[in-house]
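Please find the structures below.
There are two complexes below, and they share chain A, which is joined by chain B in the first and by chain C in the second.
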Partner chain A sequence: MRGTTRTVAVAAMSAVALLAAGCGSGDSGGSTSSAAGGQTGGEITVRGCNPQNPLVPSNTTETCGGNVIDAIFSKLIHYDAETAKPENDLAESIETTDNQNFTIKVKKGNTFADGTDVTAKSFVDAWNYAAYGPNAQSSGYFMEPIEGFGDTQCTGEGDDPCAGAGMAKAKTLTGLKVVDDYTFTVKTSEKVSNLPVRLGYSAFSPLPEAFFKDPKAFGDKPIGNGPYKLDAWNKEQSIVLSKNDKYKGDFGGKVDKITFKIYQDSDSAYNDVLANNLDITDEIPASALIDDKYKSDLPDRNAQKETGVIQTVTFAPTKVDPNYANPKIRQAISMAIDRDTINKQIFNGTRKSATGWVSPVVDGYKADQCGEYCTYDPAKAKALLTEAGGFKGDKITLSYNADAAHKEWTEATCNSIKQALGVDCVAVGVVDFATFRSQIADRKMKGMFRTGWQMDYPSIENFLAPIFKTGASSNDGDYSNPAFDKLLTEAAAETDPAAANKKYQEAEALLAQDMPSIPMWYGKTTMGWSDKVTGVKITAFGTIDFSSVALK
Partner chain B sequence: MGTYVLRRLLQMIPVILGATFLIFAMVFALPGDPLAGKCGERPCSPAYAAQFREKYNLNDPLLVQYGKYVGKLAQGDLGQTYNNISVADQLKLRYPVTAKLALLAILIETVIGIAAGVLTGIRKGGFLDNLVLVSTLIVISIPIFVIGGLAQYFLGVKLGLFPVTVTSSDPTVYQLLLPAIVLGSLSVAYVSRLTRTNLVENLRSDYVRTAVAKGLTQRRAIGIHALRNSLIPVVTFIGFDFGALLGGAIVTESIFNIPGVGGYIFRSIRSRDGVSVVGAVTVLVIVYLVVNLLVDLIYGLLDPRITHD
Partner chain C sequence: MTEAAVTEAPEATSRGENPVDAGPPRSLAGDAWRAMRRNPLFWISSVMILVFVLMATFPSLFTSTDPTEAILQESRALPGQGTWFGRDIQGYDIYARCIYGARASILVGLFTTIGTVAVGGTIGIIAGYAGGIVDTLLSRLGDIFFAIPLLLGAIIFLVSLPATNNYLFIVLKVVGALVVLGWPSLARLMRSSVIQVKPNDYVQAARALGASPFRIVRAHILPNAVAPMIVVATINLGAYISAEATLSFLGIGLQSPAISWGIDISRAIVGLRTTPHMLFFPSLFLSLAVLAFIMLGDAVRDALDPKNR
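For the complex of A and B:
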């Protein structure tokens, strides 16, 4: 959940690509100034929000904490800030011949901020901790592909699954083995083609010995191995990071100190940027987006970039609401939505109309997978609906959580559907996100409802498997298609990334036939900054690239 | 007087217990699961959910939950928010900020409001009277987020006279001045109108005529006799307003990013964080009761006919 309100738009947090390649580790020292890069050193303030959990990488699934975690932890893999392409960070090499047995060599000479070495054990222990059910880590499920995950989970029923016989059988994952100080092996229970790509997600961060001695204290003052270290976390006010002088990696930052100032409201953060009281805001309020006001307020001090976020409209499972069971009805509704006009009028063009279910920023993206079904064509839509025998229900409903800005676009979408199909459509506000999600999770919500997805790692697989695979954790529409599942399994077994991506694309194409959800648009992030800073870049995850930010 | 105060203090205990229970029950009755939005748009893992429910007693029935809460409350433990932050620490951090802001706003509304009320009251129908009438009418009719937003943009961003946001948990008077003016502006209007009407009324009364006939100066007749009697409804209003301001000014706090209790309560309600809501509101109930008691005691000072024995 990002920000308390926006949040809501997106799902699991992102593995935030922190620092761009090629900027050097910033060890030049002193204040050197260059025309393009600005000077080294100094301090900046950026907009922050309240972390929802203690700052432990495996227990952080939202962006507020994630932005901090990603600045203070380095992972095996780093995602390029521009392209989201994965590249080795702490990993010397990740090798496999069969997509099931991986040998990972860790670079030597890296240390945590407390001086202890980053070794193979730092990773294995951290991943075991994340997976072990009784530790109740919110991103423990990222360890699911690793062999032995099932035995580390509690199996009991009722209030406490870890009570009595339900207690987890094993404390560690059988698939993880330390070979020597800097080598370990990973065995997955099924073939996984993109394991290396996943390893850049924050849940796969290494943890120092100090964490296991006192996890609670660690959560308040984490000790990381990233380009920055945490100096202070003033609850609900600010989080202060300073340069980690023990950092030896390639993705260091230029500024010495970063303060996340916690704002309740994006308007006040924006006004602070206008008055040069805040250096960067990663969210431009709706009031400043109107007629591109932010562009005249902050000339040459704003940027916009597509990020790995997609907004969709999901149909309730057929057993909950049979009125939408026919794929033709679903396709007709999708074709009745004038995405471009809604985007222009409601979002001032800050979205990109979707042509498929996968974000364009990831590896394996193929354009126009949804084809004509995501193209506005009221005549065809109407014809398709007639062919399907018309809409049987009373009216089409589109539910949204009313505590965030979804009312306008859902109503516009409904109007578009109503005009094209001649069937009444109403946007239904549900009081807040918590209620909204419980109704969906309990399978009580009928009709259509808004869903969003923010990628965890930049792979086409992340937009398909967790959402549309039979029984997947975020499969809100209970979509199940054996052919789709089979393609995913085959793709995971491909050792050639290009061949794997091709299979995933074939699977995505199946979605157009069944239409489990309607792709609406891809997200873009807009940022603005004060006239004190330069080199502000947005990563594919919609976060600030701290390796390039510098004072003028 | 002493017994009166003691009696009032003892009466507070059942009120506090009743209020906490009502709030507890209301938060409990809200639809939605606090865990539903906790892990983004996917369900939390069963182990995480179980630990979370266990920790916050979410599996217990309402009365048991309430019992456990009051048990802790009696020991001075306000519990922890769902974000794992101590409620007591948060309140300790936020109440001084809100109190500072409230006091400043009350000071502004009292001084300006009463002064304007007196000036307009003694020259009823004059230019100043009409000016205040029109300007207060304008202030009353504009919603506070418009006043706040405009003040922040023009006085803060454009002219740079005031800081744009506060953010600090130990703000200076200068930092809080603009939010306090915004917050007090609405009440200034009410206070000045209340003072004016009451003063006009009392100026016509017999005792003022007597005082003037006895040869008292205009200043003394109005200042001591008429004004003091006119202030009773004004003090009631200010007392009520002070209590309300201590509950946090959600809109103003969010415009100026002030880390006060208003935003805290609002966010806690939205995230179904019952423990935080009940903790903050319990303190609020106590504050209200104390302020009410103070107002009642001030009545006695203003009008000797009102006694508390």
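For the complex of A and C:
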């Protein structure tokens, strides 16, 4: 998903790479069952890209930095590489009786690469730092559910909200309390049913004392507690990791050294894999995806897997563009899109047509929530549009950010709509992602626009609440439905995960009636590797599972 | 002596291939036309250009298929599978798009040539005729624009102009960029031919008779100095067509919904290893169009250059 810069602005980490965990194979693309094979030791090279920010877990929301962060930090929770199922990593236990007061016990005996212990304080200090407004950490909003978050934020306006009277009132979150060296408590401001699931996200990593002494130096050479440690970061060229001999966890890697070679585009990385100059690329360029060329280029050395990503097309808020207000018009447009053919011809089958708003890889997924409205049926679409009184505007527009590979599918989608409904449809490119997002955020963009969501943590809640709840941070279409909000609040209060999921599914079903956005497809990640390595597996987050990669 | 000179005249004409035509005086253009029509290169290139111009003005003469009609199911179909040239990645008919793509290229080439000839020609004449400080100023101004690399300058120019969906405006944007950066070469050429023609006796005579500078330039200098510029402008027309394709290929020239060979080449590049026909046909049309104008330019040069006779 790297090419598709996520719509969800800062939200959503593109990164969560799971280290460790060595279960099952995630292939659907023809890799052999070399899962357990390979020797220990040696070094590999993998495709990398330039991290946007210094390598601090709470300030990394994109894959380039995220892939590195996830290899060098362990969290309380570890997500299973294949199923994304959360399991305890650093956490001894996470207990709650009311979904609001949590007691977290940390395992003893774990240390950072510099030899200092990982204690309850390492977590509490790190989370406070992330939340504190003046620190401007891009993942700070993950601390939002914790009590006292509002007081740690700057309230001023303009370029520097922290100036003068806008300065944050509190430096720490009132909801975090250290009980003893290895125990701390978390109190949330509202009930949260899936807090433990969230704690595997990199923003919740612990940080050593050294970080707080000099955050800037730490960002260039982070000290982590994960299976690997950072040896060198040669800007624009490579990031070198080596095995952390102080790591005692269950999810260690096999190879001794991992080098992220930084590439500007996926074509050159792919060619290097073909020439055995690079061991793994986590992105196959479009030119090799055509006609499954990569499968003949890299026989038995490729894999494909569904990941927690969904692409949608969102309608501008009604007050911005009233032409799309009628849900019937929205449903008609959705039914006019031939998802399967676009997927086959434009994406070469590297997507999966969406049947709802929640990715199939998460707990709580229910198929066919969108029903017939996400099934291509030009005749019914046309009838539905006529029933709604036809399209009033001049033409349908579908905007996209032109700096990533969205032109082809938006054009194909528009052609499909045009042919089925007989209404002109134009795909409009906006110069880059930043401009595109600011037009959406300022509510200036009319018509339809592309949106995407990569899960932060594997939960159905993550696909609903941040996007469709009234006033939510990524609610680009200003969707508001009291019944939907009520179901989400009830679900968050459920202590039984199954009951909570059921409520979330009921909420999702409401979306089909209102159609705030059109589900397009779920993401898949395709990887290829050289003939030197074995055991390459893709995690549910679309990253390389470093616990199983080994040299042949 | 006078008598002798008169009697010598018929002898002189008899050296020509066709003494019958010797009667009326021959103009420069007439001479050139005679030379050109005997040149097969001229006829080949003219026919090609005529076909491309017809394509640009009446694309429906060549195809009845709508170039924006996408049949996605048949995406990347090979030539012969229902269509002459196959289909591209969006399922558009490549043949229809090649035909419709001619318009953008011909328009850009033609407008840019007209623009550079008008701007460069005028500035060249003024600089060459006026001389002195005016010449120095205009020549240095030309040098400044000449120093900007065409592609780099055009990218900056096009990116800084607002985006639009109006076809004519998109074309004019590209034309504007190429004219702004392309005029100095023609201005230099024009200036040097004007300087060459200016000291001639007939110019001095016209001046002695009291003709205004405008009249001197229009009636005496321009007709005798314009030939090299016509040659270079014709050859440049081909070069501008390929410059347009380059800019469109980079995604900053013409943009969808405009149809252009450059755009089609750019979107076909992903299929280079698997379905190269998507790349081949627009490239072929582009090459042929550029070749046609360069060949015409060569034929015109051969005809206008007296040294070749």
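Basically, the second predicted complex is superposed on the first by the 522 of 552 C-alpha atoms of A that agree within 3 Å, B and C clash if a C-alpha of one lies under 4 Å from a C-alpha of the other, contacts with A are read in each partner's own complex, and residues count from 1 in each chain.
The rule we apply is simple: a contact is a pair of C-beta atoms (placed from the backbone, for glycine too) under 8 Å apart; a residue touches a chain by one contact, two chains touch by 3 or more.
Bear in mind the structure is a predicted one, so any value in this text is a computation, not a measurement.
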Contacts of A:291 with chain B and chain C, given as first, second, both or neither: second
Chain B versus chain C as contact partner of A:83, first or second or both or neither: neither
First, second, both or neither for A:341, with chain B first and chain C second: second
Which partner, chain B or chain C, touches more chain A residues: B
Contacts of A:427 with chain B and chain C, given as first, second, both or neither: second
First, second, both or neither for A:411, with chain B first and chain C second: second
Contacts of A:140 with chain B and chain C, given as first, second, both or neither: first
Shared chain A contacts, counted only where both chain B and chain C touch the same residue: 431
Touching residues on chain B, where the partner in the complex is chain A: 31-34, 36-48, 50-54, 59, 82-85, 89-90, 93, 149, 152-153, 156-157, 160, 163-165, 167-169, 253-257, 259, 263-264, 267, 270-272
Residues of chain A defined as touching chain C within the complex: 285-288, 290-291, 293, 338, 341-342, 345-346, 402, 407-408, 411-412, 415-416, 419, 426-427, 429, 431
Of all residues in chain A, those that touch chain B in their complex: 1, 4, 7-8, 10-13, 50-54, 61-62, 133-138, 140-141, 153-154, 159-162, 219, 234-238, 261-265, 267-269, 271-272, 274-275, 277, 403, 431-438, 441, 451-454, 466, 473-474, 476
Residue ranges of chain C in contact with chain A within the complex: 70, 72-73, 75-76, 89-91, 163, 165, 251, 255-257, 267, 269-275
